[in-house]
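Heads up, the next two complexes both have subunit A, just with different partners, subunit B and then subunit C.
After this line comes the complex of A and B, so read on.
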């Protein structure tokens, strides 16, 4: 089994999830509570990665972070490095690719928080930020956890985007799904089956965890 | 009749099949382009193709060995060449680009499964520059993606198929240097008939005869010695 690729995918998925929580929660808050007229446009943009084929996303990302783009040129000036074919480049692509997987469940959970509790907190003189931290987040925690877990799982299984922007460098951009693809292409079916089974087990565990979190009542033992 | 063909044949085969259709109006000919390794796996699982034109000769040979390909129908239709390719706007000279210190990324096809990638790797070894570029290599999934890495500017230089460098949409976009033929093992491109029929036999002869050979040559494939 290609442990180097598995470890890389885990690192990528964890980093992506952390960034998405930092970026996604404010965005989800805005989507849940803003009365802005053009909000639907932002909602559509956030949902785009669900609909666009990864090849389209990857093609655009490669052009957008390449040395000929303003973003790529700025990055090169700031860091001296280049985004394509680097872990950071994959991170940019993964954050975009998994954005709806964080933002949508979190926004739905925020919107489901009882408005009366939020307003009561405000009326008692608690600031908006503190209300967000101490009322909204605790009540929306299952939704936040779902968003984080789905983003993690989605990044673990990411293939098309990585194929388009990664360049398949061992330890840098050869993620587990690319490694499996290589093994199949190299007619190394045994190794491919082994790694695939591992990924299947991880995915199942993660999803089972998500649905377990969504259960309202968790009676571990019959009470009566 | 459906032909599964390696992606590098795209342009040559479009022209060949046009000519073939003009002579055989009774044959309903369809093309599917893709990666030879993918086709191999699909064909072993009963994909409904009549002919398989691979980017190497190993896959068809294995299919005959597996009993999936028609026994006596294995053939070599072309020999591939590789070139060092840079975009037209690049300041690099393709003949020396691989040695340039300013180069950060060199794109080749994945040597693990792409025949052109294996040839590129062998050429880097025999030109004595493999060690100096090993840390700069990025791997395309196939030869077309390798070209796209360079075309987009993400990689500075790439080693691709001559047939691709000569393809109509690419020809004006870059400059290339043909890697000397002795620098890498010959890339024999082979094919096999999967479902025997008169039409399949006719297409095979058409490809190997004068018209097919002329078109293949025009698109940058050398011809097998015999």
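After this line comes the complex of A and C, so read on.
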């Protein structure tokens, strides 16, 4: 089994999930509570990675972070490195690719929190940010956990975007699914089977965990 | 400092309903104000505007000289800065927090502890809201609100989620709790008994407008117009003294007469509420003046109202009867007649 690729995928998935939680929660809050009339446009943009072929998404990301683009140029000036075919570049692509997997369940969970509880908290003199932390997050925790788990699993298995943006550099951009592809190309079916089984087990565990959370198999707290 | 709340604001809702409320509340004289009116009158909408949960289209709200909202100066304080705590109909307790954590949510620990002791919540401290009865949830909600040391309490039909028996019990407790905090309260209700039992001051709202405001008994006794009279429903609100308890019945003295009514455990000075429709008139003068539920009096005026007639009497206390125009004609009622008002025992409602 290609442990190097597995370790790389886990690092990529954990980093992506953490960034997505930080970026996705404010975005989900805005989508859940803003009365803005053009909100549907943002919703459509967030959902794009669900329907766009990974190669198309990867192509645009590659253009956007390339050394001649403003983003790429800025990155080069700040760090002296380049984003394409690097771990950081993969991270940018993965965050965009998994955005809907975080934002959609989290926004749904936020919207399901009883509006009166939020207003009650505001009236008691508690700020919007503190209300978010003390009322909305705890009550939406199963949704937040679902979003995090799905993003993790989705990043673990991604292939097309990684190939477009990161290529196939061992220890830098060769993730699990690319390693499997490599092994199959090299007719190394035994190794491919082992790695595939590992990915299957991870995916199943993660999905079982998600559905269990939604069914409240382990109640986090008693709810009315 | 003017210790009052003034509100003059307009708000049009998406449904087309338009609220245009003008109100001046003297906070010192009226610890508890009742915002009274039929459902759909805009009471909850007004309460939300006061809390800062919704923004008026135009107007001004001033609380103790500080502007909460001013359409012209573009001032609109967020709820956090108004400290007008809104109590929702269903209490809106945080389901993921225990009773103690709910009360302490926006309060200093000592304040919260003291209020939990006062409201008898100490033994419920570790329970979650869903394990509480409706009355207990209500007590927690009031304790949580008072613990935050608010400037104003806004209660939206606080007793409507309770069953009838609990409601009667809580009515008394609620008034005590509201007064204990020393915080002025505005309470929305469409229940006459609740208005009389809980309020000092009363504002009647009909079709998005405040039609009348004043001390509760004045509003009941002298409705400003027919619509207010119709919405308050009880024309006769009479101060009474309890005379005796006897086999489930209670006798009270109203003016010179005595009324019998169902005993529901009242003590002290009470108020007898009688709907004008429940007062019948007869010409027989009572042979014995101690006969109960008969009030001898003199007709002051007879006002025809379509098929009905509104008769005002002086029975030592002012009394209003609404009878059919037909019986008024048969009785040949005219001002100055001596009549006798008869009220069924079950038609007399006592409140404290």
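Note that the second predicted complex is superposed on the first by the 215 of 224 C-alpha atoms of A that agree within 3 Å, B and C clash if a C-alpha of one lies under 4 Å from a C-alpha of the other, contacts with A are read in each partner's own complex, and residues count from 1 in each chain.
The working rule: a contact is a pair of C-beta atoms (placed from the backbone, for glycine too) under 8 Å apart; a residue touches a chain by one contact, two chains touch by 3 or more.
Computed from a predicted model, the values in this text were never measured in an experiment.
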>> In the overlaid three-chain picture, which partner chain does A:121 touch, first (subunit B) or second (subunit C), both, or neither?
In response: second
> Which holds for A:82: it touches subunit B only (first), subunit C only (second), both, or neither?
Replying inline: first
>> If we overlay the two complexes on their shared chain A, which of subunit B and subunit C does A:139 touch? Say first, second, both or neither.
In response: second
> Which partner does A:63 reach: the first (subunit B), the second (subunit C), both, or neither?
Replying inline: first
>> Can you give me the overlap between the subunit B contact set and the subunit C contact set on subunit A?
In response: none
> Hey, which residues of subunit A end up touching subunit B in the complex?
Replying inline: 62-63, 66-68, 82, 84-85, 163-165, 167-169, 181-182, 184-187
> Okay, in this complex, where on subunit B does subunit A touch?
Replying inline: 35, 37-38, 40-41, 104-105, 107, 110, 112-113, 137-141, 145, 148-149, 152-155
>> Considering only the defined contacts, which subunit A positions touch subunit C in the complex?
In response: 114, 116-117, 119-127, 134-135, 138-139, 221-224
> Okay, in this complex, where on subunit C does subunit A touch?
Replying inline: 51-53, 78-80, 83-86, 88, 90, 92, 94-96, 105-106, 128-131, 144-145, 148, 150
